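Given below, in the form of structure tokens, are the structures.
Shared between the two complexes below is subunit A, which has subunit B as its partner in the first and subunit C in the second.
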Partner chain A sequence: MLHRRIFQFLLIYLLALGLLFLFKYSLNLSDYVIPGPLEVWHTATLVFNRYLFDGLNTLSVAIVGHLLAIILATLVAIIGRQASLAGSMIKTAAYNLQAYPIVAVAPVIFILLGDGLASRLLIAALICYFPLLLSFIGILTEPVTDIEHFYVTTGRMRWQLEVKIRAFENTAKLATVIAGSATLAMVGTIVAEFIGADAGIGYSLRIALYQSNIAKVLVALFLIGIFNSLYLTCLEFFGYLVQKKLKISTGETR
Partner chain B sequence: MESTQPMYFDCRNISYHYPKSNIEIFKDLNCALSGPGFHGLFGPSGVGKSTLARIMAGEIKAAAGEISGEPFPKVLYSSNMERLPGWSSVGDHVAKVIPPKRIGRMEHLLSDFGLASCRKSRFSQLSLGQKNRINLIRYLLQDFDLLIMDESLANVDEAMRELIILKIKEMFPEKYFLYISHSVAEVSRFCDTILVLRTPHKTPQVVTVTGLNFQSGDSLNRSDLERTMLEIVHAA
Partner chain C sequence: MIHHLLRAFLLLAVSGLVLLSLAGCGPDPVSPEAPLVYRLKWLYNMSVVGDLYSLEHGFFAQEGLEVDIRPGGPERDAIKELEIGRAHFGVASADQVIRAVAKGSPVIVLAQLFQVSPLQWIHRAGKNPIQTPDDLKNRVIGITYGGNDEIIMHALLAKHRIGEDEVEFFSVRYDYTPFYQGKVDLWPVYQNAEGLIISEKLAQAGEDAGFFNPNEFGIRFVANSIITTEQMVREHPETVSRFTRALLRGWRQSLDPATADKAVATVQRFDRDTSVALLKKQLDATRTLMMPLSGKDFGWIDSHAWKQTAGIMFEQKLIAAPVSVDEILLSVEKLRRK
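What follows is the complex of A and B.
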């Protein structure tokens, strides 16, 4: 699973790099605009260790932000799934708020919370939160009538049981949505760092941009891709383990 | 102590049309179950048997009419479309959703319905017939006055179906059952009264036919069975 993702990423990265060099040499662009392969390699040896830790920093913030978003989306979806006034309000708010780009309000967050960890976490969480919320609400709102009927008709249905049934029946969907939103968490963190934070790979990208140093940007992009692939693979593997365990427990593998 | 059983169950002037449709599938429909026992609901496919059953169970609200009983019965509707959750074995699930005092009865039913060996299996591991039987068991062990069995014994072989119906009649003589089936022979033989549901343009929409109400140990009179079957077929 991991080697496949890394291989896919390397293929795309090298293809893009090749196209960039092709562009450079076919248009005879100077090394200042697009550095040559040797300069990129030289820069990589110089900044790799620092960028590696920056990337790890970004990844850790993205993971925590992603977790926060999952917890928050679960809680809100549990309330939002109800056909009550509160449920309808939450659903309406979720649909309308997601239309507003979080990146646009990022400066407000930085002004209010400063350029530290809290702002990066909040932006990362908010960017992956709405897609999660919409999916969770969709899953938790949809009745599993053939299972729920018995509990409803015998008066045994409780909200915890309802959530359990619907989540259990949609485990594969939930795993896909969570893995899919991981990239958004990474994007959110990098965007936050790029806009106003003082740490992480996004911050390094901003510095590289100010220096007009494409070689550094390419190294940063390489590490972002590697870390993103790693995180996605971990989530997919975890989802695979959960589903495998459920399939064994439900007897589907017999 | 068990509560007093309803003396009758009555549906009067029931009218109903499906949501977003103006076509009435029931118009001033009347039917009654005069006393506890194993009753049948028979009719051609698509005539509205399940809908009528769900109206009786209070799961669907009729556009007009009333359902009454004295005292008003607790009605449960079970069907062959139901599933048990997959996170526990069927034995554990049933034990968890019935009153603890009925665990002994559950063991008997599992054994009598040929499911003793399936206790530790997950629902998805069972055959269709086993799934329907385990679903029926969990309903039989609830508190109810009338249990509607909507094709609850579908995919169960004929011998086992007979055994189950006779067992139900023997174990729950004070309860009402409404058995929905497409087998005219089965309802004729085992049911006390058979409500034959007909298309809306026929009046009355429900014709009540007296069945043979076959009990364990009875001998079957073939000519009576044929006469009842003909009566049902003509009524439908």
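What follows is the complex of A and C.
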């Protein structure tokens, strides 16, 4: 699974790079606008190790931010699934929060939390929690009638049980949406680093752009793609294991 | 596998054709129907008063030119737009020009706008004022990593033999809170623009602001200049000449104290968020930074400062080889002779 995803990414990256070079040489653009292949290679040899650690730094923050987002989305969805006033208000607040562009909210976050790890985590979580929330609310508000009916009629239904039943019955959907939102967690972390942090690959990207150094940008984009592919594959594999285990425990051994 | 690669190649070819056809959608090389595109370095503010003045008072039209002035921003690079053909003229700082030329970009400098770089460091002047480079020791200095303020500060410290371990650097961004909170002693600003806004805020809090100007301590780093491409100069010298003439006329008039009210009114039409009182202060500060020494025309290119800028960049390994700036500085005088 991993090698296939990495291969696909490499193919896309090389295609894009080829396109860029085609553009450069067709229009006879200087290395300032688009660097030549040799410059990209030379830059890669110079900055690769440093960017590798920056990328790992970003990936680790993205993973924690993603976890935070999952917890946040789960909590909001559990409360928001109810048709009560509180549920409705929580949903409204969550939707409105997403309507604000993160670049406008970020300065406030940096004032409150500084430009360290906490701000990066929060921004990563805020960017990726919304698609999670929409799916979680969708899943948790949809009754699984044939199972829930028994507990309702026997008076044994509790909210915890209701959440468990609905989550269990939609494990595949949950795994897909969690894996899908991982990309947004990476994006969120990079945006946070780009706007105001002083570490990570987003911060290195900002410096490269200040220096108009597109070769560095291309190296950074390559590493972002690799790390993103790695994280997605890990999540998909983890989701596959969970589903497999659940099927075995329920006797569904196909 | 081969099938996949063939598909990928086909995709590349099709995308390339689409991209190339899109690239051709930029403004045509000079034509009577299409306006000339002039890309600024930053958003509309007092630092572009002369550009807006030329447009609003019809100086371009009087030269028979239609000009579309487009604001810049952090993600805009006039040099790249010139090369791709999306702009005919632009504004760029000397470090941008030198980096570009070092990588083979065919850029030509037509006029130098700021004679003294507006990039300075604001600090609290009340207690422990910073008057000489030695006063920088043991201070927290804000710099934009990758920005030209980083280059200037490294050059200044090296020139005055101050070790980088004798100061503390702080990575800055657009939010000035660390400076207001006193966590950072010096913060890089454009003295004539945000420098005055921060000064006002400090004054409201009962504090005096001062500016640390590297130019006073031997670092003459050139800021914004008007640029175009070699192709424009070679193929349309008359258009270049008329454009530059109209633009510099606008700059001279806008910075003339006798027409200050007109200049402020012009900028206010584009920058509605800044008060008239502040715009007037910004105009005064801009005039001080832009007016050349007596006997020199507005737009005079300080070739010594350009050489120093290129030298600093080479010393700091920001360019791979020395750049001969004389070849890229066209200047008003040379343009007249052409």
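Odds and ends about this structure:
Simple rule for what comes next: the second predicted complex is superposed on the first by the 252 of 254 C-alpha atoms of A that agree within 3 Å, B and C clash if a C-alpha of one lies under 4 Å from a C-alpha of the other, contacts with A are read in each partner's own complex, and residues count from 1 in each chain.
Just so it is clear, contacts are C-beta pairs under 8 Å (C-beta built on N, C-alpha and C of every residue); 3 or more make two chains touch, one makes a residue touch a chain.
What you see is a predicted model, and the numbers here were worked out from it, not measured in a lab.
By the touch criterion defined above, A:211 lies against subunit C but remains apart from subunit B after alignment on the C-alpha atoms of chain A. Applying the stated contact rule after C-alpha superposition, one finds that A:107 touches subunit C and leaves subunit B untouched. For subunit A, the partner with contacts to more residues, out of subunit B and subunit C, is C.
By the touch criterion stated above, A:156 is placed in contact with subunit B alone, subunit C being left untouched. Looking at the shared chain after the overlay, A:147 reaches subunit B, while subunit C stays out of its contact range.
Interface of subunit C with subunit A (complex): residues 4, 8, 11-12, 15-16, 19-20, 23, 75, 77, 79-80, 83-85, 96, 99-100, 102-106, 144-147, 171, 173-175, 177, 318. Across the complex, subunit B is touched by residues 146-147, 149-151, 153-154, 156, 164-165, 168, 246, 249-252, 254 of subunit A. Subunit B makes touch with subunit A in their complex at residues 57, 59, 76-79, 81-87, 97, 121-125, 135, 138-139, 142. For subunit A in complex with subunit C, the touching residues are 11, 15, 18-19, 22-23, 26-27, 29-33, 35, 107, 110-111, 115, 195-196, 198, 206-212.
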